[in-house]
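Below: the structure, in structure tokens.
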Amino acid sequence: MTKSVDQNSPVAPMLDRRDERVKHAQGIGGAVSAFLDRIRSGDLGSLPVVVGLVIIWTVFQSLNPVFLAPNNLVNLLFDCSTVGVIALGVVCILIVGEIDLSVGSVSGFASALVGVLWVNQGWPVAVAIIAALAFGALIGAIYAFLFNRFGMPSFVSTLAGLLSILGLQLYLLGSTGSINLPYDSPLVNFGQMLVMPDVVAYVLAALPGIVFFVLEFRTAARRRQAGLSSPFLGSLLLRAVFVTVVLEFIVYYLNLDRGIPWMFGLFVGLVVAMNYALTRTKWGRSMIAVGGNREAARRAGINVRYIYTTAFMLCSALAATGGILSAARLASASQQAGTGDVNLNAIAAAVIGGTSLFGGRGSAYSALLGIIVIQSIASGLTLLDLSSSLRYMITGAVLAIAVIVDSLARRSRVSHGRA
Amino acid sequence: QNAKVSNATVAFLMPDQASTRYEEHDYPGFKAEMEKLCPTCKVLYQNADANVSRQQQQFNSAISQGAKVIVIDPVDSAAAASLVKQAQSQGIKVIAYDRPVPDAKADFYVSFDNEAIGKAIADSLVQHLKASNVTAASGTGVLQINGSPTDAAAGLIKKGIHAGLDSSGYPILAEFDTPEWAPPKAQQWASGQITRFGKNILGVVAANDGTAGGAIAAFKAAGVNPVPTVTGNDATIAALQLIIAGDQYNTISKPSEIVAAAAANVAIQFLMGETPKAETTLFNTSSRLFVPAVITAQNLKAEIIDKKINTAEQLCGGRYAEGCKKLGIN
Amino acid sequence: MTNTNQQQSDGRERVLSLRGISKNFGAVSALTDIDLDVHTGEVVALVGDNGAGKSTLVKILAGVHQPSSGSITFRGNPVTLDDPSAALRLGIATVFQDLALCENLDVVANIFLGKELSPFRLDEVSMEVKAWTLLNELSARIPSVREPVASLSGGQRQTVAIARSLLLEPKLILLDEPTAALGVAQTAEVLDLIERVRDRGLGVIMISHNMEDVRAVADRIVVLRLGRNNGVFDPDASNQELVSAITGASNNSVSRRASRRQAQNVQAQAPQGQAPEARR
Amino acid sequence: MTKSVDQNSPVAPMLDRRDERVKHAQGIGGAVSAFLDRIRSGDLGSLPVVVGLVIIWTVFQSLNPVFLAPNNLVNLLFDCSTVGVIALGVVCILIVGEIDLSVGSVSGFASALVGVLWVNQGWPVAVAIIAALAFGALIGAIYAFLFNRFGMPSFVSTLAGLLSILGLQLYLLGSTGSINLPYDSPLVNFGQMLVMPDVVAYVLAALPGIVFFVLEFRTAARRRQAGLSSPFLGSLLLRAVFVTVVLEFIVYYLNLDRGIPWMFGLFVGLVVAMNYALTRTKWGRSMIAVGGNREAARRAGINVRYIYTTAFMLCSALAATGGILSAARLASASQQAGTGDVNLNAIAAAVIGGTSLFGGRGSAYSALLGIIVIQSIASGLTLLDLSSSLRYMITGAVLAIAVIVDSLARRSRVSHGRA
Amino acid sequence: MTNTNQQQSDGRERVLSLRGISKNFGAVSALTDIDLDVHTGEVVALVGDNGAGKSTLVKILAGVHQPSSGSITFRGNPVTLDDPSAALRLGIATVFQDLALCENLDVVANIFLGKELSPFRLDEVSMEVKAWTLLNELSARIPSVREPVASLSGGQRQTVAIARSLLLEPKLILLDEPTAALGVAQTAEVLDLIERVRDRGLGVIMISHNMEDVRAVADRIVVLRLGRNNGVFDPDASNQELVSAITGASNNSVSRRASRRQAQNVQAQAPQGQAPEARR
């Protein structure tokens, strides 16, 4: 195996397999041992968070068997979707290394705006929603302007935004107080009741595995053609089957009760779209580059200002979306909407899921994972009869425990020289 | 008579932590009455910490756990309408507690009236001012400190205070919605008004005892002596002590245990399939209202000590002993 | 000191021409009145002491810094380079001394940063193949192009930075100490590469502290000293001439060291009959 | 001026003046023109924030002449001190590039602890205070442990702390609600009334100028002796006199009313001490190094874990101090203490004052400046009769305006190639 | 390939001795079974291709990385270096390839980082004087030592990093490509410095890609290839020998380039009678 890199050597190894110092996995056994290797060196992606989640679930289930009851899990999915969409926006802005403290206010204002325009002013609901989304995007554009033009730190500009928009929200609802959304409207139905028909849920749950397999299969073929190494087909198939089985089981279990909420479907759809945009488009690549090293990205010819603008606008627009969803969920546009811990929960979800506060590292899935962790804790504690003081203490402790697994894994990654 | 009800689950959902009453009075009162009426019944207790979504989550989980009756003190009266409808569609009875749900017809409503509380403290202040012959000369007036601008209950109290003050002849010099009910904010605001209006401040209507304490601290810090008349609400120990010491004028004592017990009774009746008797009808809902008591130095002994809401030991430690003696408490 | 400016420009188009470029950083004048010309198919070496202002000049040409004064003419037109993307659009590719890589991205992503294939559905396979091809051309030994750049060795990173600049079809290539961290083999490849690029008619500005490399590929050697032009030399100028221009004195640490070593060699090796070689 | 660096050249220029490319200021004229140069290149330190402050003050004063009345300013100083001390702790933790979201909770819990131990349990007040401070330090030590040992991101661990400690606070005050602190006790007196005697204030206001001049004079002498350039004496004197005049005027003006609060004196004392520690000790140097480049600091032999531990502990302990001060100011330990916007205000003060959220840049004075900006806005709006919705909107807008000046200055610094 | 290990150790104390050091990064084996000895008063040059593992080895000795296996003996005692401060305490000073400076601190603060004078009341004047002295010794041209390191040129930074390592009284100095970014004058100073340090009886490990510099100061040249020992050479080994050991083939880009240039020179310069010099 000491071949030189000469082009004319008789059996040139694959382009990316010429370095003899690298161990490569062969076949299924190799894949397993590579996986074990990765566990040992702590290079695990989001597995540790999942492990933390499983621990939390086990504990809560043993404390109150209602916790894993399908009914409760369906509620959990409804609750995840609203803040989850906001967290997805936060992921965007964290990836470029900035922050948005006003997501809570924006979501609250968006719900108020929908309430006022739709219920009070009688606009068509779709137009009201579009207006709210446009408002969200506009807010983001203002932050981006302040950031690009004046270099105002996003912490300060969005703090100012938090206050101003909360003021706007109070102003808008000032004369009426909270506005109830019609209980029988499609929007509220969507936020409270609408679940997928069983068949649709089963079909959708089969999609990821199939799409994954087909795409990876085609990529593998192209890689082989191009002289690159390609993953072992068996392991691809194994993974696809595994994913499908798990998802189908979840669907089956939840279908025992109401089934999968369409709202959760929307959230997951947004996550998948965002993941595609971040990992498979030039724009996403630029986002991660800007977050990792702004100056290097600028020197590579990336329009850094444009990237920041899109990040801020996406974040605010998604926050507005989340606000509309929570109004739908609550069937009301209230003065409290978006206040309290919405901000912290959204940011914490992104961070717990593995997105870095310092930019350049993160994934759309961290919003999904993080919000499930947070809402699981909240839901689990709701099932125990605790005084508020105990509930706060236990929430904090459980949060720490959920993240400790991930931190330990990352720590081991660092001690193995992999940052 | 209660043999028919056993092993039922009842949820008791409280809104926030702005005062200690929910965990110190309402819940213990409710639980005690439930235990008396139905020892095998399970009471689920939750506090939403002033968070609408959290209350919704708690409401849903109560349903998941099989609650047949839900007693809810809504964080947001308007938003609770959907919860009520949702529960009723599953055959679950909802008792609105403390705050009404105007937009949906709950199965029963047990409360003191927050608006009435606001009006009561304002009226009490006005009467006191008039009794002490304080005239509203030009430029003088009272300050109004409301609760959190995002809190619906605070909005009701605010409305009541306005109702009490508007016709009183004492103009409102300035008013303030205290974010998160935070006493330091109330203090900072009051300090500013003392700078602005100085001796022209005849009194302060504060929406709860915490903000009242903040206002009193502001007067003390500015060296204003004696402190003008300051009202409060909730009858916290700290406020009662301030009344004993003569720094605060009044507060509102809500016999929460009694109201909670009434709610428990109604709940049991629902569980037995009976229709509870209504005293009045409010918001289209059968209701039972309780009248809160305004506590001042004059009736503190009678309303608090004698009704065993607090003990003399709780109130009269150390520096308050002398004041207590003056009020005849020992 | 021969001014070879006139001679070389015969018949060749001028790619770049700087006149009176100055740059201040606060109280420090990093560059003062710099003039410089580069023609097609010409390798201009920019040499000078540490802190002489070479990188500052390159950064101005790459659009990273804006000059405090002076004018830049590119292919006959006056231009202002107020952004790196402006320079890239004109066809100026740069390898920066600090490399300017995104440590959190992998090798392929860094090489293609800003010029990804099929922007709405990145063509990772083609990009990876192209990356390996470029890297192999440069004799780089990189274990995997799918690891973040943070895990690469110094020389591997520099190779990645050089590979990046080859992706474009530039008119002018700026190389700021491109071989500083490279091994002997990789250095030879880069020097070959520079010659190939020149033969394709591009202009090249190369900065290096290695006089041997400079003389091997440069058509003209421009010396900066303390932010000012300090002469233009032919590649066959003697080492001593160059070093004096760079350090500003004929009695410098290089010449001192050379003479000291010479003396030692005479003492030590005279019996072995080896002729002492003057290396000043 | 083309001398070489040879040691034996007849008149060797000063060690640090051998580079002919650098312009140096000579005499007073030179100092002035250097200052103008700095303005042009945007290298202004905290001047822009001061300018922003002056703008705010002018506007508020024109809206309500009470604003700059000595009485109101004295109130302002009282109010600044409590959150200011917390912000000082936040500066510490931001400098090492971490964050503490739990300062609010810690401050609230510390005030509750003092209330319970002192008033309810009858401990001596000093012991109660020490217990609260020790508790604060302990919390910081726990964060540091989680960070050093498990690598748990401080955002998550302190979020968990925020919740847990809030729970503790509610638990502690659960049975009693708020606790009144005795109005006639020295602690409350300190927080509400105690001001410096006029003479003491005048003397203390003279100190900075004198100390500055003496120290700089001695340093200048040592520098001259060592062959380094030294600042022009006249300009030193000018600056000393200027500082003294400004400070003495402030003291004179505030003495027209009650005078300078001792509590503010304590705050400023802490700021000065922290500034000394950060700029003039090995520990402070290590803090900034760790914040700027953790790995480089580690390779320089700095005990990075120790530095993080001190930073976390200092931050929590100062938060506890701030909590005790606000309890003293309010004469009450309440359940709301430390909730609401205490956290955001403390962090925002540090950031507005110029401390970076990303570590490695910051100064103790940023806590002082930042909190004055924030409290000025709050105080100014208090004097105007506004509805809460308007108040929120205007707070946000004014905040943005106050920071825009600073951002612009920093921007110009960047565009001049100075990061 | 002469194993000069035995010969040189005569009479000299061994400062450092590595046996069987390996280091894996995930699936990559960066080092495999490395043996190395350094004696007092000896300069060992560590050479190898890009990515050969030289810096990894230095980082292990500096306590930055922990080896996956193998033993380290320092001045006769087995040691474990689980932290850079452990290495510093033993007297191992390191100039890292990536310099490891704190960009937000000024030059003086960087030079004295971790070893400030009078920790409770920093003696800025003495530190500044000492900093200037060190920098002048290295012929550095730095406008101001009170500017953050971020504003320095590449070579200036490297000088700062070298100055840092001189502050300690080390027993062993590790220099990872110390002259990569330095100008000709500064390089000469650093080579002088290395010789002075050696004469004071310290052990030195120097990494460099410049064979001329290596031969000028090294007592022994150790070659790494793909993370393994690949021979030990005398400084008078021929360039070709060294390059073959480094690249692992006698037909490599360096030799190809040399022969190509030779051919060109013969063509072009034969009329001028200049003897073509074989530089392989």
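For clarity, chains are labelled A, B, C, D and E in written order, and residue numbers in each chain start from 1.
The criterion applied here is as follows: contacts are C-beta pairs under 8 Å (C-beta built on N, C-alpha and C of every residue); 3 or more make two chains touch, one makes a residue touch a chain.
Model, not experiment: these values are computed from the prediction.
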Quick one: how many steps at least from subunit A to subunit E, stepping chain to touching chain? 1
Comparing the two chain pairs, does A-C have more C-beta contacts than C-D, or is it the other way round? A-C
Going by C-alpha centroids, which chain is farthest from subunit E? Tell me that one. B
Rounded to the nearest Å, the gap separating the Cα centres of subunit C and subunit E is 23
Let me have the rounded angstrom distance from the C-alpha centre of subunit B over to the C-alpha centre of subunit C, please. 77
Separation of subunit B from subunit D, taking each centre as the mean of its C-alpha atoms, in whole Å: 40
Indicate the residues of subunit A shared as contacts by at least two other chains. 19, 21-22, 170, 387-388, 391, 417-418
Multi-chain contacts only, two chains or more: what residues does subunit B have there? 17, 23, 149
So which bits of subunit E are touching at least two other chains? 25, 28, 139, 141-144, 151, 226
Check the chains against each other and report every pair that touches. A-B, A-C, A-D, A-E, B-D, C-D, C-E, D-E
Within their complex, state which residues of subunit E touch subunit A. 23, 25-30, 32, 65-66, 226-227, 248-249
Of subunit D, residues touching subunit E in the complex: 5, 15-16, 19, 21-22, 219, 222-223, 226-228, 280-283, 285-286, 288-289, 291-293, 295-303, 360-361, 417-419
In the complex of these two chains, what residues of subunit B are touching subunit A? 17, 23, 43-47, 49-54, 56-58, 60-61, 64-65, 75-79, 81-82, 85-86, 103, 149-152, 155
Using the touch definition from the top, list the residues of subunit D that touch subunit A in their complex. 99, 101, 146, 150-153, 155-157, 159-171, 174, 344, 347-348, 351-352, 357-358, 387-397, 399-400, 403-404, 407-408, 410-411, 414
Considering the complex alone, what residue numbers of subunit D touch subunit B? 64, 66, 69, 71-72, 75, 78-79, 82, 119, 170, 173-180, 182-184, 192-193, 258, 326, 329-332, 334-337, 339-341, 378-379, 382-383, 385, 387-389
